[in-house]
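The block underneath contains the structure these notes are about, expressed in structure tokens.
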Amino acid sequence: MLSNTRIIRVQWGDCDPAGIVYYPRYFEWFDASSILLFEKATGMTKIRMLEKYNGAGLALLEARAVFKVASQYGDDIQVETRVTEFRRSSFFVQHTVKKGDVLALEGFETRLWTTRDPADPMHLKSAPMPGEIRASFNRT
Amino acid sequence: MLSNTRIIRVQWGDCDPAGIVYYPRYFEWFDASSILLFEKATGMTKIRMLEKYNGAGLALLEARAVFKVASQYGDDIQVETRVTEFRRSSFFVQHTVKKGDVLALEGFETRLWTTRDPADPMHLKSAPMPGEIRASFNRT
Amino acid sequence: MLSNTRIIRVQWGDCDPAGIVYYPRYFEWFDASSILLFEKATGMTKIRMLEKYNGAGLALLEARAVFKVASQYGDDIQVETRVTEFRRSSFFVQHTVKKGDVLALEGFETRLWTTRDPADPMHLKSAPMPGEIRASFNRT
Amino acid sequence: MLSNTRIIRVQWGDCDPAGIVYYPRYFEWFDASSILLFEKATGMTKIRMLEKYNGAGLALLEARAVFKVASQYGDDIQVETRVTEFRRSSFFVQHTVKKGDVLALEGFETRLWTTRDPADPMHLKSAPMPGEIRASFNRT
């Protein structure tokens, strides 16, 4: 299944007074990495993808991170992102973060394909992930 | 003219490896403080105010801060915000940040009342600030 | 066991293009809420507490959030934080976030009391949570 | 004089409910860009540079941005950073941000080389910028 890898240079402002990455930053990187994975799969930005398939978003049900080794200003960390499972509407994203060969942390997101209820556009509801999007992940 | 004052407790995650506030955070506080001032003046949230007056936003033309004394985790800083001048469309906001009696920094924003062009809703254009909004600042 | 509750007004800049809170912000609020709980328990800032007890930090092992209802700019959310269990070195923090009477999300952090290795100050190691700190949570 | 250019892909989470970049993000990018410029000039990370030259930091005296054109999720913006003037202790940094050929915004920082007062390590004071650092900017 398709994966997306990117290198992030840890900046001074990503770190806290202990000199290590302020942990909410990792979730910023996870959120962006999930979107970048869908962009890579579909060849569209998130906004275009939502428009084309009448989606309202990739709603987050759960986010989790398990921390092993801290990172500091100046470190280059590698974030590898993949969907580990597609269910009907929901799907599971895994982010593996390495510093060199060392596993620094792992992140997990459970998300849901949602659409707008035509009768009540403010109300989102889960919907089956469009087959075309799902199929676009079956590339090398 | 109306002003709005709020106390912000500096959190651990607001600070950088030098132990002082990471400076973009001040601009986050300035942006929120400007909105809170308009809420206080008009008695409406920003979204309601924009809807009522057909506005598109308080577009930022310029932002500036002059730093005097750094702040650290645990400090309580007081941000006092006021509009120093209304012109036809633009207006000037000043944020005075004190730590106790000491002036820690000052912030300045130049903003513009904008509306959507009916012929091209993606295009924003400046418009005269509605008189009712302007008048709402003339309270004590 | 002691808990700490605070109200957070969701600001414009806390929200994403979908108009709802950008989820890493919740983890910023969780991190600050955990620290505020320890401040309330011990009567000391985090820095003073670490100095007094020769601690190096409240190292994060795992962070997790389960999302129920999204929040928007202008919402007031209530974050209630408590330690649900102290083990020898590790402890579990729970954050319950409500919007009015509605459960909006829950957050969970697993953390570890750490000290510096005198032989190698760059190396942190887990250590038993000082009894005085633990006892300070047994207040109403 | 040396300059540093980097491309930043605007992420979903960098944007606000109006769909444009939340302006404090630009200052995050400016801060990181200034540090990256010094890294490029000296061949050292900020921390190593401060250690080698007994510096305490690149203290910020003033930050300013002038906004021309907003950017959105998915845009690639190019940030070009240079020091426009070195004085004895202070120096001026300019950030030119383009979206394609269009000038999107300009940023300006006034910073100060600081050292620690040996008699009072908590007190920073301005000091002449080390000649070696200054000279390192005279490369193409």
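We call the chains A, B, C and D, going by the order they appear; numbering starts again at 1 in every chain.
Keep in mind that, in the parts below, a residue touches a chain if its C-beta (ideal position, glycine included) is under 8 Å from a C-beta of that chain, and two chains touch if they have at least 3 such contacts.
What you see is a predicted model; the values in this text were computed from it and never measured.
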More Cb-Cb contact pairs, comparing A-B against A-D, go to A-D
When contact pairs are matched by residue number, over half of those of C-D recur among A-B, B-C or A-C in A-B
The chain whose C-alpha centroid lies farthest from that of chain C is chain D
Chain-centre distance (mean CA atoms) for chain A and chain D, in whole Å, is 29
Between chain B and chain D, the Cα-mean centres are separated in Å by 24
Cα centre of chain A to Cα centre of chain B, whole Å, reads 32
Chain B touches at least 2 other chains through residues 12-13, 17-18, 22, 24, 28, 31, 47, 73
As the complex stands, chain B meets chain D at residues 17-18, 22-25, 27-28, 31, 47, 56-57, 59-67
As the complex stands, chain C meets chain D at residues 12-13, 15-19, 22, 24, 73
So, in the complex, the side of chain B touching chain C is made of residues 11-13, 28, 31-32, 35, 45-47, 73-74
